[in-house]
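First chain written, first letter: the chains are A, B and C, and each begins at residue 1.
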């Protein structure tokens, strides 16, 4: 009974992926056939073609990688001042605002300034806009690191003779490592998942996986839309698979958002 | 301070620009101070319908997810809590799904020509795609609500499970049972309030985020009424600039609503964070 | 090597201790002799921890002077004072095994592996940690963890060791054993220490000199009899309790 429920649960979550796989390999799949009538792999073999899905995937990867690296390192370094700020509640509000606010509204608000700065329509501009969200997330996440326990570890290291620099490198970074990895993954995904900011700041000139998916869907090409969807699922699924292999962090801070 | 500058700076820039543009003080259509755009937006029924529709979709998606997640937690607490200790349960998977892909999957499964409609045809329940009772593109927002719930409910199962462990809800529910509460009563009077109180700020932010969703409404929402985020992009236009001041007015209106709501939601710090300072 | 009057040790004059913008201790004055242990008793919330944190350079001092071996240290950052603070909770670094925790302070001074081993090995033996060297700190018992934390502090040969109720969370038997171990190691290694506790018996067992923190001040007693004679420290009450407990009617 319990086992059956578990299998049903996995099936329910994996069924959507199966359908995407089916569509990405379908050649002819007319109504009302429950399965494709003919199969082919052109959506996948055409990945490397210039201007195709492969290029969009690489672009998404580059933007998300840059966003994750910059947001995580900046967030790590600046989060302590956020925890110790007197205006704690106001700062917490500000940091959550980009998430509560629709990314569309954020994009609309920033579009003109980015245009004037020559950043609209470029990958750099898109990455910067997404970076605001990712950075806010990183600060929220790393605030959990600065609890009494972490401070006690740093104090302990200091009285044993560690300079502030040594305490960071030999104590803080190793303790924070699980949290840093989590932050890298999550900020990567914030950028990887984003559509609204790519649309508004990219002005249709930056084609990422999400915008490609929507274009294929509009054009009625479900095969390529499904293939884009599957590529979009790849990094988060890999991250979850890696997480499944590991023990959860035993000494990292709590997760807020 | 760096954090204020890096997040507050762009936000302030965006807000002031939206204000200036919507009042005719900045941008390509600036002809000096004018309230025309604001008057048009505030007088337009569509603005208020969109706002109401956004809040309805956010509340319905979150409400359904909360009820569903609490049921899962009450019925199978072990399933939800095991996830933390041993890695990943199926409940984690929807976290890996971008909203754009969720929308696409909803189209492929639930659409009039989707997989479920094909199965219904094979079973002889329907003859034509149009006969399939698809929730997509419906004016009550059911398609958006169903899709968002499918994403959020599993996340809440994980979140609630984690909070329940953090606040020792399992032990407290057992304590309530030994004091004479029925299984249902213990969950209703002890488990549910504890979990919801601990999750309240996160749920508040989630409600606002769901109300401001863009990709899923874009893919599975009706053309009318639309969510406010869709309305903003419609008015913003990619080529026609004449309605841009109105787009900025609507966007600013929404920003003010969200800023006020999130200030209320986040006013109280979660208990765990507060007790830690000593 | 000890002379009749040693100029070395820890000397504190006119110290005021602040916590959260409020002065909680004033005019704290005492001298801890070289190689001796000052046992300080005080109730919870009396400011014991704050005093130790100020001495270690982790807290906020409003005024006063702290000298270690005739060198003024109150303006120095924590890592340059030569004062090690031992927390009530043995905060072993969770990413290092027992041996690496013991060697932590030595490695900071980038000493070569052979020298580090020469320092750490005797400590492992003295503290009875043989066989635990490669263990993850999270798998140790409370007593073992406290021994590692103690060893980690001793390894850097601190000029002064501050102990903040280090055995408070241990069970009575382990606690007694740790007090004896502390005495023995402190004597054999000639450690200058301040040992803060709220437990009267622990205070009398570990101390060479005695002080009490009470009513926003710190009182230093000239010797053990003087400490025991002060009714505020509760020695007389304790004696009365035990003699009444042995009576047929029992204590009230």
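We adopt the following convention: a residue touches a chain if its C-beta (ideal position, glycine included) is under 8 Å from a C-beta of that chain, and two chains touch if they have at least 3 such contacts.
Given the structure is predicted, the values throughout are model-derived calculations rather than measurements.
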Chain contact topology under the given definition, line, ring, star, complete or other?
line
Have a look and report which chain pair racks up the highest count of C-beta pairs in contact.
A-B
Per-chain C-alpha centres versus the global one: which chain is nearest?
A
I'd like to verify one number: the distance from the centre of chain A to the centre of chain B, where each centre is the average of its C-alpha atoms, in whole angstrom.
18
Centre-of-Cα separation between chain C and chain A, whole angstrom:
48
Using Cα averages as centroids, what's the distance between chain B and chain C in whole Å?
54
What residues on chain C touch chain A, complex-wise?
53, 56-58, 77-85, 87, 89, 91, 93-96, 104-105, 107-109, 138, 152-153, 156
Chain A contacts chain B in the complex at 5-6, 9-10, 12-16, 19-20, 23, 31-34, 74, 78-79, 81-82, 85, 88-89, 91-106, 108-110, 112-113, 132, 135-136, 139, 147-148, 192-193, 195-196, 199-200, 203-204, 210, 213-214, 217, 222, 225-226, 229, 232-233, 236-237, 239-241, 243-246, 248, 254-257
In the complex, the residues of chain B that touch chain A are 1-4, 6-8, 10-11, 13-15, 17-18, 21, 26-27, 76, 79, 84-85, 87-88, 90-101, 104-105, 107-109, 113, 115, 117-119, 121-122, 129, 154, 162, 166, 202, 205, 208-209, 211-215, 218-219, 228-229, 232-233, 236, 238, 247-248, 251, 254-255, 258-259, 261-263, 265-267, 269, 272, 276-278
In their complex, what parts of chain A are in touch with chain C?
149, 152-153, 155-164, 166-167, 170-171, 174-175, 177, 250-251
